[in-house]
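Chain lettering (A, B and C) follows the sequence in which the chains are written, and residue indices restart at 1 in each chain.
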């Protein structure tokens, strides 16, 4: 069975240390976190509000969709490996539940710290979930090769850098990025990829990386939930009214086109012209990533279709051709292919944002310019200069992600963090009590065949 | 392994042709599709609106529920066949992603073409998803016997006829059908059934049609998501206020009663009095179909219960007794039993609509008559005459569906469309790279047993 | 095969008797149930309302989240036993569909009976689903040991007692319990546990209770859906505006902390320090239960974190140490561990409500005191006296639950209800046609191994 007594003791002690993490977080909440004016009983009833004015009614349905994407979507999307499903869905759950608390503190201090307090409401919940999403993207790059203590340390660091990067971009540089092509996808992907490079394991057997028929169907649950709710993700933090409406509509079209692009390319490059489930599970979602920056802008429905189709094809080609190169040449073992789903489409999304911002005119946006590009509307910037700032935001993001990922990788190599040995990578049983694990090992072959389609 | 080199080459080329389909759609979007006044930045900010007035806030939560039904519900409901899960959920994804784009164009030209442009917003998204639902119903009749190129051709034709039929019914005949008993369920079912009849395969082995234990659990995911969100489906396009409220409430009761009816009948007719999962997965949903036309009307909660119970029993009896006759006598091989879930309950739903429309009075509806039956309220029609128009709508729908399905069947027989041979029907591996497919075929028996409950 | 001819005949006749139950319910609906003023076409259009005023737009999104929890969440959460998945998800479906109708009548008569009629709308739908939730909690205690006829009889009784208990608490005692720590979780858990005690089977082999790898993944679908939507559950029936906002926010934090507490404790007490999926599936949800009473109050974000963490740890310890004692000492066989997820955290939730109510001040709540503690705001009660009433509510609930559960247990022992014999407990095939059940029994071992992770 997996592991010596000392390893078991290590496992037994590391996660319980979570209690201290949770205790420290709770103390910080006690000191700093307060209900905001729309949540506090006394404040809310002071003014003369209609209940319909409470932002809860504008934002909570979007929040729920985002929440489903983070916990159902990411969790199940990663269940495509046959023996690694518990870790995929379980550690997603653990990481996101920690990251949302920690990012409430970090983003609260950076973005809405007034009078010595962080004031929370439904908008903080959406921001916290967005940050959890970035952490889960990075998790996708190291799934199966890292233990829960390592992952929590990664989240502890990544949430801080996520918050700082976002603060620099949105508050200092005046960059627009409502759906997070930059702040979430590009940041999360390259943070995870650089981290994975530092943790490179030359002896890791790729053949262990096996999918199963039912694992692939579970993963499709994740895919479909991400796909249907992505319009809400890109719209959740845009300006109310036409802004949210437009962001949802653009994302809807972009995703539809990336799905068609993915099927087309998957058949073209597949063995014997057959479709590959991994492409469908992932590349079909690239349409959501690629309009993350521009979906609130006047992208036009045609623009959304074109961008989505491009993203779907690029992502599929990435899975087929670039992932092997990434490992062989760049020493990056990218378990879920986050470079293809979040990295390249994220960068494309930034560039699309540069283009669409550069084309912004007063005619096209009318008085809505104020809500999409306030600095242009106020005459502080030209459209071209906004576009340059958008582009500069990409470099800042890549810088924070790379330095952070590198630093994270070094931290995760600390020996007491108890990284699983190569022979136990992509195996649930190193961290989980798995049904039947105490039975005769000789039964194993039966199961492996059992979950394939002969 | 499946297929000769030429078959592989065919597969490799057909889906990539999708790119042209997507390209053509994108060009049509570029020429015709524009944001509507609630989505466009300039237009929306021209008036003096409160953000709460944007229809996005009234319609988007319903849209999301409908979206989940189309992609999660239909997709997983069809995963009940043991070796056909990838095709079920994958082709649902492909077909719906295409149909929603194409129907945005078709329905846009027919229903909201002004100044040479189609103006889109959240209502177009709901209409597009509704049309995708009809296409997926037809897909249910031919699942496992058709390839993706055939299915896309079917969708190309069906979307056009769906749009025309709906235009004739709602705009020319003044028929009411908010939840689509007629325009979606009856149309989609009979289109698919006639098409399946034209594609009849006399040698098809029924024993291949095997369910698996886990496949049945995946299918229940589809069932439950359809079931919980159906109230939103029937309410999504009704008049705001009491209309949507009533449509959701009636559907809720109708579904509860159809569930009880299904369990009662399934035990009564089951082997040894045991329940049949296929009945539960499907017939329990008939309550949503049967109130599709009448849920916005003053059906009363009792009426909803009675209709739902009737639909659940009829649908269960259909699965037990009518599906075999449909194949043996009418040469219709109905893979998912759409005749029982959408066909018969759809027709029952139309008849219920005839009855409830015929009973409409000014007393019962008050000033709400204007929003449910505008033509009666304006004195252009009596209730009886409205009822006759509703009935006439059924015949128009059946006519469009039959002619369209027949035509579609002939098109799908075109030899270059590469229909799977009988021996490979209901098998994913003809179209998909399936985990383990390159292993020794001798392992196959293990897997088959493995997914059953001995 | 399972059962003699007489058993088959019993099965064949019992469920069809449902038709009479449904018939009787429908007749009661015809006599008593009417649309309320926000649902009825004539009434709604009588006043001069804006559509946005219809409570449908405030409550329906929350209703949908609750609906997903009841049908997806509870249904799949119980699919953790390898051979009992059809019963888990199927009987959840049946029970909830019956309970929501029956509780519409019972709660309607008790809470909103005016002019001889029950007036229904979206609020009744939420209340009906809440009651169905309580029934499903009790079902969790007896899953796999009871047939559908027994379960329906249980629901028939439990819904009545649920309604009476809630009426006594909310209307007679002025207790606050928006998220149902008392009325739903404590009531449902102890009703089921006492009932399970009466049905104690001394010979039941615990080894049959086997989990499977895929069953555990299906169960995680249930867990995650319960987890993400729980904020809506606790907020659904609170006062609009800041009340709902605060309830959702508190629940969000509480769940995050209970997740961390569960992982920490599960590793601490697990074999070799490995995590136990059953803990993650269940105890991570205890954070939602524990703030059921207090989430609408000024609990503070810190209070929510602390309560959630405590609940997660207590619940995990319950699964590890208390469940075996419950069986050996108290003769309670609690299939799903509802004592750990709903019982103990529910009681803790009541006590937390006592504490937070006792600390209520005019300063903390301002004019919002009226909506959270109307009796304190109106000067009829002090905060301390409200706290005492909250505590008294717990005793009333435990009394109703115990007496009801005992009575229910006696009823369920009636011989003609056809309880499954010990040898067929936790087996779907006693009630369901299971794929492959007619094949050679010798194949069984293959399947059992097949669903485990060697």
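Brief remarks on what is shown
The rule is simple: contacts are C-beta pairs under 8 Å (C-beta built on N, C-alpha and C of every residue); 3 or more make two chains touch, one makes a residue touch a chain.
Labels paired with UniProt names: A, B, C = Ammonium transporter Rh type B.
None of the values given here were measured: they were computed from a predicted structure.
Because contacts link each chain to all the remaining chains, their graph is best described as complete. Rotation angle for the C-alpha superposition of chain B on chain C: 120 degrees, rounded in steps of 5. Averaging C-alpha coordinates per chain places the centre of chain A 32 Å away from that of chain C.
Shared interface positions of chain C, defined as residues touching 2 or more other chains, are 52, 57, 61, 214, 221, 446, 450-451. Remark: chain B residues 52, 57-58, 61, 65, 82, 210-217, 220-221, 224-225, 227-229, 232, 240-246, 248-249, 252-253, 255-257, 259-261, 263-268, 270-277, 280, 284, 298, 300-302, 305-306, 309, 363-372, 446, 449-454 touch chain C in the complex. Interface of chain C with chain B (complex): residues 1, 3, 8-19, 21-22, 25-26, 29-30, 33-35, 38-46, 49, 51-52, 54-57, 60-61, 64, 67-68, 71-72, 75-76, 79, 83, 85-86, 89-90, 93-94, 97-98, 100-101, 120-122, 125, 148, 214, 218, 221, 428-429, 431-437, 439-441, 443-444, 446-447, 450-451.
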